[in-house]
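Written below as C-alpha coordinates is the structure these notes are about.
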(Lines give C-alpha, C1' and ligand atoms only; values in the text may rest on other atoms or scores of the structure.)
Protein backbone atom coordinates (compact mmCIF):
# COMPACT_ATOMS: atom_id res chain seq x y z
CA UNK A 1 0.00 0.00 0.00
CA UNK A 2 1.34 3.41 -0.96
CA UNK A 3 2.00 5.83 1.86
CA UNK A 4 -1.35 7.31 2.82
CA UNK A 5 -0.47 9.43 5.87
CA UNK A 6 2.62 11.50 5.09
CA UNK A 7 1.64 14.24 7.53
CA UNK A 8 -1.03 15.35 10.01
CA UNK A 9 -0.77 18.94 8.80
CA UNK A 10 -3.65 20.33 6.77
CA UNK A 11 -4.32 23.79 5.46
CA UNK A 12 -7.75 24.29 6.99
CA UNK A 13 -9.88 22.86 9.81
CA UNK A 14 -12.20 21.38 7.23
CA UNK A 15 -9.38 19.42 5.61
CA UNK A 16 -8.46 18.29 9.11
CA UNK A 17 -12.02 17.08 9.57
CA UNK A 18 -11.80 15.13 6.33
CA UNK A 19 -8.54 13.59 7.45
CA UNK A 20 -10.21 12.54 10.71
CA UNK A 21 -12.91 10.72 8.75
CA UNK A 22 -10.22 9.08 6.63
CA UNK A 23 -8.23 7.93 9.66
CA UNK A 24 -11.40 6.52 11.25
CA UNK A 25 -11.88 4.41 8.14
CA UNK A 26 -8.25 3.35 7.79
CA UNK A 27 -8.38 1.98 11.33
CA UNK A 28 -11.41 -0.10 10.36
CA UNK A 29 -9.58 -1.22 7.23
CA UNK A 30 -6.66 -2.43 9.34
CA UNK A 31 -9.04 -4.91 10.97
CA UNK A 32 -11.29 -5.67 8.01
CA UNK A 33 -9.23 -5.39 4.80
CA UNK A 34 -12.02 -6.67 2.55
CA UNK A 35 -13.66 -3.66 0.87
CA UNK A 36 -16.78 -5.62 -0.05
CA UNK A 37 -17.40 -6.53 3.58
CA UNK A 38 -16.81 -2.95 4.70
CA UNK A 39 -19.28 -1.66 2.10
CA UNK A 40 -21.90 -4.15 3.23
CA UNK A 41 -21.42 -3.23 6.89
CA UNK A 42 -21.59 0.48 6.11
CA UNK A 43 -24.99 -0.12 4.56
CA UNK A 44 -26.08 -1.54 7.91
CA UNK A 45 -24.68 1.03 10.30
CA UNK A 46 -25.66 3.99 8.15
CA UNK A 47 -29.24 3.12 9.14
CA UNK A 48 -28.50 2.61 12.82
CA UNK A 49 -28.70 5.59 15.15
CA UNK A 50 -26.37 4.21 17.83
CA UNK A 51 -23.72 3.33 15.26
CA UNK A 52 -23.88 6.78 13.69
CA UNK A 53 -23.42 8.43 17.09
CA UNK A 54 -20.44 6.16 17.70
CA UNK A 55 -19.00 7.12 14.31
CA UNK A 56 -19.13 10.76 15.33
CA UNK A 57 -17.39 9.93 18.62
CA UNK A 58 -14.59 8.21 16.75
CA UNK A 59 -14.18 11.08 14.30
CA UNK A 60 -14.01 13.51 17.23
CA UNK A 61 -11.19 11.53 18.78
CA UNK A 62 -9.12 11.46 15.60
CA UNK A 63 -9.87 15.14 14.97
CA UNK A 64 -8.62 16.09 18.43
CA UNK A 65 -5.17 14.81 17.55
CA UNK A 66 -5.13 16.37 14.10
CA UNK A 67 -6.26 19.72 15.49
CA UNK A 68 -3.52 19.70 18.10
CA UNK A 69 -0.97 18.84 15.39
CA UNK A 70 -2.08 21.89 13.46
CA UNK A 71 -2.06 24.15 16.52
CA UNK A 72 -5.80 24.45 15.87
CA UNK A 73 -5.14 26.35 12.63
CA UNK A 74 -4.90 29.51 14.71
CA UNK A 75 -2.42 31.22 12.42
CA UNK A 76 -4.80 30.63 9.49
CA UNK A 77 -7.72 32.35 11.21
CA UNK B 1 -20.65 21.58 -0.48
CA UNK B 2 -19.64 25.10 0.49
CA UNK B 3 -16.95 25.44 3.13
CA UNK B 4 -18.63 24.90 6.48
CA UNK B 5 -15.68 24.95 8.88
CA UNK B 6 -13.47 27.92 8.12
CA UNK B 7 -12.19 28.19 11.68
CA UNK B 8 -12.48 26.67 15.16
CA UNK B 9 -12.41 30.12 16.74
CA UNK B 10 -15.63 31.42 18.25
CA UNK B 11 -16.36 34.53 20.23
CA UNK B 12 -17.91 32.87 23.27
CA UNK B 13 -18.01 29.45 24.98
CA UNK B 14 -21.64 29.17 24.01
CA UNK B 15 -20.86 29.59 20.33
CA UNK B 16 -18.16 26.97 20.83
CA UNK B 17 -20.79 24.66 22.29
CA UNK B 18 -23.00 25.22 19.26
CA UNK B 19 -20.08 24.48 16.97
CA UNK B 20 -19.48 21.23 18.87
CA UNK B 21 -23.09 20.18 18.22
CA UNK B 22 -22.66 21.09 14.56
CA UNK B 23 -19.43 19.09 14.22
CA UNK B 24 -21.11 16.09 15.89
CA UNK B 25 -23.78 16.22 13.23
CA UNK B 26 -21.43 16.81 10.30
CA UNK B 27 -19.55 13.65 11.27
CA UNK B 28 -22.82 11.72 11.14
CA UNK B 29 -23.60 13.34 7.79
CA UNK B 30 -20.26 12.13 6.41
CA UNK B 31 -21.46 8.57 6.96
CA UNK B 32 -25.18 9.03 6.24
CA UNK B 33 -25.56 11.82 3.64
CA UNK B 34 -29.32 11.31 3.25
CA UNK B 35 -31.08 13.99 5.31
CA UNK B 36 -34.38 12.08 5.34
CA UNK B 37 -32.74 9.06 6.91
CA UNK B 38 -30.96 11.23 9.47
CA UNK B 39 -34.24 12.91 10.40
CA UNK B 40 -35.97 9.59 10.83
CA UNK B 41 -33.15 8.24 13.01
CA UNK B 42 -33.11 11.38 15.12
CA UNK B 43 -36.77 10.77 15.88
CA UNK B 44 -35.74 7.40 17.26
CA UNK B 45 -32.75 8.31 19.35
CA UNK B 46 -34.31 11.46 20.76
CA UNK B 47 -36.57 9.08 22.71
CA UNK B 48 -33.77 6.77 23.80
CA UNK B 49 -31.93 7.50 27.03
CA UNK B 50 -28.74 5.66 26.16
CA UNK B 51 -28.49 7.38 22.80
CA UNK B 52 -28.99 10.81 24.36
CA UNK B 53 -26.23 10.15 26.88
CA UNK B 54 -23.99 9.07 24.01
CA UNK B 55 -24.85 12.25 22.12
CA UNK B 56 -23.67 14.29 25.08
CA UNK B 57 -20.44 12.29 25.21
CA UNK B 58 -19.78 13.04 21.56
CA UNK B 59 -20.51 16.74 21.97
CA UNK B 60 -18.13 16.85 24.94
CA UNK B 61 -15.34 15.38 22.83
CA UNK B 62 -15.79 17.88 20.01
CA UNK B 63 -16.11 20.72 22.51
CA UNK B 64 -12.82 19.76 24.18
CA UNK B 65 -10.97 20.47 20.94
CA UNK B 66 -12.85 23.67 20.20
CA UNK B 67 -12.25 24.96 23.73
CA UNK B 68 -8.52 24.27 23.48
CA UNK B 69 -8.43 26.05 20.12
CA UNK B 70 -9.96 29.10 21.76
CA UNK B 71 -7.65 28.96 24.77
CA UNK B 72 -10.84 28.36 26.75
CA UNK B 73 -12.04 31.89 25.99
CA UNK B 74 -10.00 33.07 28.96
CA UNK B 75 -9.26 36.47 27.54
CA UNK B 76 -13.00 37.02 27.00
CA UNK B 77 -13.86 36.34 30.63
CA UNK C 1 -32.87 31.18 25.05
CA UNK C 2 -30.87 33.51 27.27
CA UNK C 3 -27.12 33.07 27.29
CA UNK C 4 -26.39 30.13 29.57
CA UNK C 5 -22.64 29.69 29.15
CA UNK C 6 -20.92 33.05 29.46
CA UNK C 7 -17.66 31.55 30.70
CA UNK C 8 -15.96 28.28 31.62
CA UNK C 9 -14.33 29.90 34.63
CA UNK C 10 -15.59 28.93 38.06
CA UNK C 11 -14.37 29.79 41.52
CA UNK C 12 -13.93 26.28 42.85
CA UNK C 13 -13.54 22.71 41.52
CA UNK C 14 -16.94 21.90 42.90
CA UNK C 15 -18.59 24.65 40.88
CA UNK C 16 -16.68 23.28 37.89
CA UNK C 17 -18.16 19.88 38.61
CA UNK C 18 -21.64 21.38 38.69
CA UNK C 19 -21.00 23.13 35.39
CA UNK C 20 -19.90 19.80 33.90
CA UNK C 21 -23.22 18.25 34.93
CA UNK C 22 -25.04 21.23 33.43
CA UNK C 23 -23.16 21.00 30.14
CA UNK C 24 -23.90 17.27 29.96
CA UNK C 25 -27.58 18.07 30.22
CA UNK C 26 -27.52 20.99 27.80
CA UNK C 27 -26.04 18.70 25.15
CA UNK C 28 -28.94 16.31 25.68
CA UNK C 29 -31.34 19.23 25.50
CA UNK C 30 -29.89 20.25 22.12
CA UNK C 31 -31.08 16.91 20.76
CA UNK C 32 -34.26 16.47 22.80
CA UNK C 33 -35.70 19.93 23.52
CA UNK C 34 -38.90 18.58 25.12
CA UNK C 35 -38.48 18.77 28.91
CA UNK C 36 -41.29 16.29 29.56
CA UNK C 37 -39.58 13.65 27.43
CA UNK C 38 -36.25 14.30 29.13
CA UNK C 39 -37.85 13.93 32.56
CA UNK C 40 -39.47 10.67 31.58
CA UNK C 41 -36.21 9.30 30.20
CA UNK C 42 -34.31 10.38 33.30
CA UNK C 43 -36.72 8.29 35.35
CA UNK C 44 -35.66 5.31 33.26
CA UNK C 45 -31.91 5.72 33.21
CA UNK C 46 -31.67 6.69 36.86
CA UNK C 47 -32.56 3.06 37.56
CA UNK C 48 -30.16 1.60 35.02
CA UNK C 49 -26.61 0.81 36.10
CA UNK C 50 -25.06 0.98 32.64
CA UNK C 51 -26.68 4.34 31.93
CA UNK C 52 -25.48 5.79 35.24
CA UNK C 53 -21.94 4.70 34.52
CA UNK C 54 -22.21 6.33 31.10
CA UNK C 55 -23.50 9.52 32.71
CA UNK C 56 -20.39 9.65 34.87
CA UNK C 57 -18.20 9.15 31.80
CA UNK C 58 -19.87 12.07 30.07
CA UNK C 59 -19.51 14.32 33.11
CA UNK C 60 -15.83 13.40 33.32
CA UNK C 61 -15.29 14.47 29.73
CA UNK C 62 -16.97 17.85 30.20
CA UNK C 63 -15.16 18.35 33.49
CA UNK C 64 -11.77 17.72 31.85
CA UNK C 65 -12.29 20.75 29.63
CA UNK C 66 -13.61 22.95 32.42
CA UNK C 67 -10.72 21.98 34.69
CA UNK C 68 -8.16 22.83 32.01
CA UNK C 69 -9.88 26.17 31.43
CA UNK C 70 -9.49 26.95 35.12
CA UNK C 71 -5.86 25.80 35.21
CA UNK C 72 -7.17 23.17 37.62
CA UNK C 73 -7.94 25.83 40.24
CA UNK C 74 -4.32 25.59 41.35
CA UNK C 75 -4.06 29.18 42.45
CA UNK C 76 -7.13 28.69 44.66
CA UNK C 77 -5.64 25.76 46.52
CA UNK D 1 -24.47 19.16 51.10
CA UNK D 2 -21.16 20.22 52.59
CA UNK D 3 -18.36 21.07 50.19
CA UNK D 4 -16.88 17.77 49.00
CA UNK D 5 -14.38 18.91 46.38
CA UNK D 6 -12.31 21.76 47.77
CA UNK D 7 -9.31 20.98 45.56
CA UNK D 8 -8.01 18.55 42.92
CA UNK D 9 -4.60 18.50 44.58
CA UNK D 10 -3.58 15.33 46.39
CA UNK D 11 -0.32 14.32 48.00
CA UNK D 12 0.23 11.08 46.13
CA UNK D 13 -0.91 9.35 42.90
CA UNK D 14 -2.78 6.83 45.00
CA UNK D 15 -4.82 9.54 46.70
CA UNK D 16 -5.49 10.92 43.24
CA UNK D 17 -6.74 7.50 42.22
CA UNK D 18 -9.08 7.45 45.19
CA UNK D 19 -10.35 10.90 44.31
CA UNK D 20 -11.04 9.67 40.77
CA UNK D 21 -13.19 6.86 42.16
CA UNK D 22 -14.98 9.36 44.37
CA UNK D 23 -15.67 11.75 41.51
CA UNK D 24 -16.99 8.87 39.39
CA UNK D 25 -19.48 8.12 42.13
CA UNK D 26 -20.44 11.73 42.79
CA UNK D 27 -21.38 12.09 39.12
CA UNK D 28 -23.66 9.08 39.47
CA UNK D 29 -25.10 10.58 42.63
CA UNK D 30 -25.93 13.79 40.79
CA UNK D 31 -28.28 11.76 38.58
CA UNK D 32 -29.48 9.19 41.13
CA UNK D 33 -29.52 10.85 44.58
CA UNK D 34 -31.18 7.87 46.30
CA UNK D 35 -28.46 5.90 48.11
CA UNK D 36 -30.61 2.79 48.39
CA UNK D 37 -31.10 2.66 44.64
CA UNK D 38 -27.38 3.19 44.02
CA UNK D 39 -26.52 0.38 46.43
CA UNK D 40 -28.94 -1.96 44.72
CA UNK D 41 -27.56 -1.12 41.29
CA UNK D 42 -23.99 -1.55 42.47
CA UNK D 43 -24.88 -5.08 43.51
CA UNK D 44 -25.92 -5.69 39.92
CA UNK D 45 -23.02 -4.14 38.03
CA UNK D 46 -20.37 -5.52 40.38
CA UNK D 47 -21.25 -8.92 38.87
CA UNK D 48 -21.27 -7.72 35.27
CA UNK D 49 -18.03 -7.79 33.29
CA UNK D 50 -19.01 -5.10 30.78
CA UNK D 51 -20.10 -2.75 33.54
CA UNK D 52 -16.87 -3.24 35.47
CA UNK D 53 -14.81 -2.47 32.37
CA UNK D 54 -16.88 0.67 31.87
CA UNK D 55 -16.31 1.65 35.48
CA UNK D 56 -12.56 1.47 34.91
CA UNK D 57 -12.90 3.63 31.79
CA UNK D 58 -14.76 6.27 33.77
CA UNK D 59 -12.20 6.24 36.57
CA UNK D 60 -9.42 6.62 33.99
CA UNK D 61 -11.07 9.71 32.58
CA UNK D 62 -11.47 11.39 35.97
CA UNK D 63 -7.95 10.39 36.93
CA UNK D 64 -6.52 11.99 33.78
CA UNK D 65 -7.77 15.37 34.92
CA UNK D 66 -6.65 14.92 38.52
CA UNK D 67 -3.20 13.79 37.40
CA UNK D 68 -2.79 16.83 35.16
CA UNK D 69 -3.88 19.07 38.02
CA UNK D 70 -1.13 17.60 40.17
CA UNK D 71 1.48 17.85 37.41
CA UNK D 72 1.55 14.06 37.64
CA UNK D 73 3.06 14.23 41.14
CA UNK D 74 6.47 14.55 39.48
CA UNK D 75 7.97 16.62 42.25
CA UNK D 76 6.94 13.96 44.78
CA UNK D 77 8.74 11.17 42.94
CA UNK E 1 -3.82 -2.45 51.61
CA UNK E 2 -0.18 -1.49 51.17
CA UNK E 3 0.57 1.45 48.94
CA UNK E 4 0.39 0.19 45.35
CA UNK E 5 0.83 3.40 43.35
CA UNK E 6 3.77 5.35 44.75
CA UNK E 7 4.52 7.04 41.41
CA UNK E 8 3.43 7.24 37.78
CA UNK E 9 7.06 7.32 36.65
CA UNK E 10 8.42 4.23 34.91
CA UNK E 11 11.72 3.58 33.22
CA UNK E 12 10.40 2.47 29.85
CA UNK E 13 7.21 2.76 27.76
CA UNK E 14 6.68 -0.95 28.21
CA UNK E 15 6.67 -0.63 31.99
CA UNK E 16 4.22 2.24 31.52
CA UNK E 17 2.02 -0.07 29.49
CA UNK E 18 2.13 -2.65 32.27
CA UNK E 19 1.19 0.01 34.80
CA UNK E 20 -1.76 0.99 32.61
CA UNK E 21 -3.00 -2.59 32.68
CA UNK E 22 -2.54 -2.65 36.44
CA UNK E 23 -4.46 0.60 36.96
CA UNK E 24 -7.27 -0.70 34.75
CA UNK E 25 -7.58 -3.67 37.06
CA UNK E 26 -7.27 -1.71 40.29
CA UNK E 27 -10.22 0.41 39.20
CA UNK E 28 -12.26 -2.74 38.71
CA UNK E 29 -11.11 -3.97 42.10
CA UNK E 30 -12.34 -0.78 43.73
CA UNK E 31 -15.84 -1.73 42.61
CA UNK E 32 -15.61 -5.52 42.92
CA UNK E 33 -13.20 -6.37 45.76
CA UNK E 34 -13.88 -10.11 45.62
CA UNK E 35 -11.03 -11.75 43.70
CA UNK E 36 -13.01 -14.91 43.06
CA UNK E 37 -15.77 -12.94 41.34
CA UNK E 38 -13.24 -10.98 39.28
CA UNK E 39 -11.56 -14.22 38.16
CA UNK E 40 -14.87 -15.71 37.14
CA UNK E 41 -15.84 -12.60 35.18
CA UNK E 42 -12.46 -12.48 33.47
CA UNK E 43 -13.08 -15.97 32.19
CA UNK E 44 -16.24 -14.63 30.58
CA UNK E 45 -14.97 -11.45 28.99
CA UNK E 46 -11.72 -13.01 27.78
CA UNK E 47 -13.92 -14.88 25.30
CA UNK E 48 -15.98 -11.87 24.28
CA UNK E 49 -14.78 -9.72 21.41
CA UNK E 50 -16.64 -6.55 22.45
CA UNK E 51 -15.32 -6.79 25.99
CA UNK E 52 -11.75 -7.26 24.81
CA UNK E 53 -12.00 -4.20 22.58
CA UNK E 54 -13.33 -2.25 25.55
CA UNK E 55 -10.45 -3.48 27.69
CA UNK E 56 -8.01 -2.08 25.16
CA UNK E 57 -9.86 1.26 25.19
CA UNK E 58 -9.56 1.43 28.95
CA UNK E 59 -5.87 0.58 28.90
CA UNK E 60 -5.30 3.28 26.29
CA UNK E 61 -6.92 5.87 28.53
CA UNK E 62 -4.80 4.96 31.55
CA UNK E 63 -1.70 4.79 29.38
CA UNK E 64 -2.30 8.31 28.03
CA UNK E 65 -1.95 9.72 31.53
CA UNK E 66 1.07 7.61 32.41
CA UNK E 67 2.79 8.55 29.15
CA UNK E 68 2.23 12.25 29.78
CA UNK E 69 3.58 11.85 33.31
CA UNK E 70 6.76 10.38 31.87
CA UNK E 71 7.06 13.04 29.19
CA UNK E 72 6.59 10.15 26.77
CA UNK E 73 9.97 8.68 27.78
CA UNK E 74 11.57 10.99 25.23
CA UNK E 75 14.83 11.36 27.14
CA UNK E 76 15.16 7.56 27.26
CA UNK E 77 14.88 7.19 23.48
CA UNK F 1 8.44 -12.04 26.10
CA UNK F 2 11.09 -9.92 24.41
CA UNK F 3 10.77 -6.18 24.79
CA UNK F 4 8.18 -5.05 22.27
CA UNK F 5 7.79 -1.33 23.10
CA UNK F 6 11.24 0.22 23.42
CA UNK F 7 10.00 3.68 22.41
CA UNK F 8 6.93 5.64 21.33
CA UNK F 9 8.97 7.53 18.74
CA UNK F 10 8.38 6.73 15.08
CA UNK F 11 9.73 8.33 11.96
CA UNK F 12 6.41 9.08 10.27
CA UNK F 13 2.73 9.49 11.22
CA UNK F 14 1.98 6.32 9.32
CA UNK F 15 4.40 4.31 11.44
CA UNK F 16 2.75 5.91 14.46
CA UNK F 17 -0.60 4.70 13.17
CA UNK F 18 0.77 1.20 12.83
CA UNK F 19 2.11 1.35 16.37
CA UNK F 20 -1.34 2.42 17.58
CA UNK F 21 -2.86 -0.66 15.97
CA UNK F 22 -0.17 -2.79 17.58
CA UNK F 23 -0.73 -1.32 21.03
CA UNK F 24 -4.48 -1.88 20.68
CA UNK F 25 -3.78 -5.53 20.07
CA UNK F 26 -1.17 -5.91 22.80
CA UNK F 27 -3.72 -4.64 25.31
CA UNK F 28 -6.13 -7.32 24.16
CA UNK F 29 -3.33 -9.89 24.39
CA UNK F 30 -2.70 -8.90 28.00
CA UNK F 31 -6.22 -10.07 28.81
CA UNK F 32 -6.51 -12.95 26.35
CA UNK F 33 -3.04 -14.50 25.87
CA UNK F 34 -4.29 -17.40 23.74
CA UNK F 35 -3.62 -16.55 20.08
CA UNK F 36 -6.10 -19.13 18.82
CA UNK F 37 -8.91 -17.55 20.81
CA UNK F 38 -7.94 -14.07 19.61
CA UNK F 39 -7.94 -15.25 15.99
CA UNK F 40 -11.36 -16.80 16.38
CA UNK F 41 -12.77 -13.65 17.98
CA UNK F 42 -11.26 -11.46 15.28
CA UNK F 43 -13.15 -13.49 12.72
CA UNK F 44 -16.32 -12.55 14.56
CA UNK F 45 -15.79 -8.86 15.11
CA UNK F 46 -14.37 -8.24 11.66
CA UNK F 47 -17.93 -8.87 10.43
CA UNK F 48 -19.60 -6.71 13.06
CA UNK F 49 -20.13 -3.02 12.34
CA UNK F 50 -20.33 -1.90 15.96
CA UNK F 51 -17.15 -3.76 16.85
CA UNK F 52 -15.26 -2.25 13.92
CA UNK F 53 -16.31 1.26 14.95
CA UNK F 54 -15.12 0.49 18.47
CA UNK F 55 -11.80 -0.76 17.09
CA UNK F 56 -11.29 2.57 15.37
CA UNK F 57 -12.11 4.41 18.61
CA UNK F 58 -9.47 2.41 20.44
CA UNK F 59 -6.85 3.00 17.77
CA UNK F 60 -7.60 6.73 17.90
CA UNK F 61 -6.97 6.77 21.64
CA UNK F 62 -3.62 4.99 21.37
CA UNK F 63 -2.65 7.17 18.40
CA UNK F 64 -3.35 10.36 20.37
CA UNK F 65 -0.65 9.44 22.84
CA UNK F 66 1.83 8.34 20.20
CA UNK F 67 1.26 11.51 18.20
CA UNK F 68 1.87 13.69 21.25
CA UNK F 69 5.04 11.73 22.00
CA UNK F 70 6.28 12.53 18.51
CA UNK F 71 5.29 16.19 18.73
CA UNK F 72 2.93 15.34 15.88
CA UNK F 73 5.87 14.74 13.52
CA UNK F 74 5.90 18.48 12.84
CA UNK F 75 9.63 18.67 12.24
CA UNK F 76 9.30 15.89 9.64
CA UNK F 77 6.67 17.77 7.62
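Think of it as A, B, C, D, E and F in the order they're written, each chain with its own count starting at 1.
We take it that a contact is a pair of C-beta atoms (placed from the backbone, for glycine too) under 8 Å apart; a residue touches a chain by one contact, two chains touch by 3 or more.
Each chain and its UniProt protein: A, B, C, D, E, F = Hexameric tyrosine-coordinated heme protein (HTHP).
What you are looking at is a predicted structure, and each value in this text was computed from that prediction instead of being measured.
Student: Any chains in contact with both subunit B and subunit D?
Tutor: C
Student: Check the residue numbers that subunit E and subunit F use where they touch, and answer same if over half are used by both copies, otherwise different.
Tutor: Mostly different residues.
Student: To bring subunit A onto subunit C by a C-alpha fit, how many degrees must it turn, rounded to the nearest 5?
Tutor: Rotating subunit A by 120 degrees superposes it on subunit C.
Student: In angstrom, rounded to a whole number, how far apart do the mean CA points of subunit B and subunit C lie?
Tutor: Whole-Å distance between the two chain centres: 16.
Student: Could you please state the distance in Å, as a whole number, between where the Cα atoms of subunit A are centred and where those of subunit E are centred?
Tutor: Computed value for the inter-centroid distance: 27 Å.
Student: Can you list the subunit B residues in contact with two or more other chains?
Tutor: 42, 45, 48, 50, 54-55, 57, 61, 64, 68
Student: Viewed as a graph of touching chains, is the assembly arranged as a line, ring, star, complete set, or other?
Tutor: ring
Student: In their complex, what parts of subunit D are in touch with subunit C?
Tutor: Residue list for subunit D touching subunit C: 3-9, 23-28, 30-32, 37-38, 41-42, 44-45, 48, 50-51, 54-55, 57-58, 61-62, 64-65, 68-69.
Student: In the complex formed with subunit F, which residues of subunit E make contact?
Tutor: Going through subunit E, the ones touching subunit F are 12-14, 17, 20-21, 42, 45-50, 52-57, 59-61, 63-64, 67-68, 72-74, 76-77.
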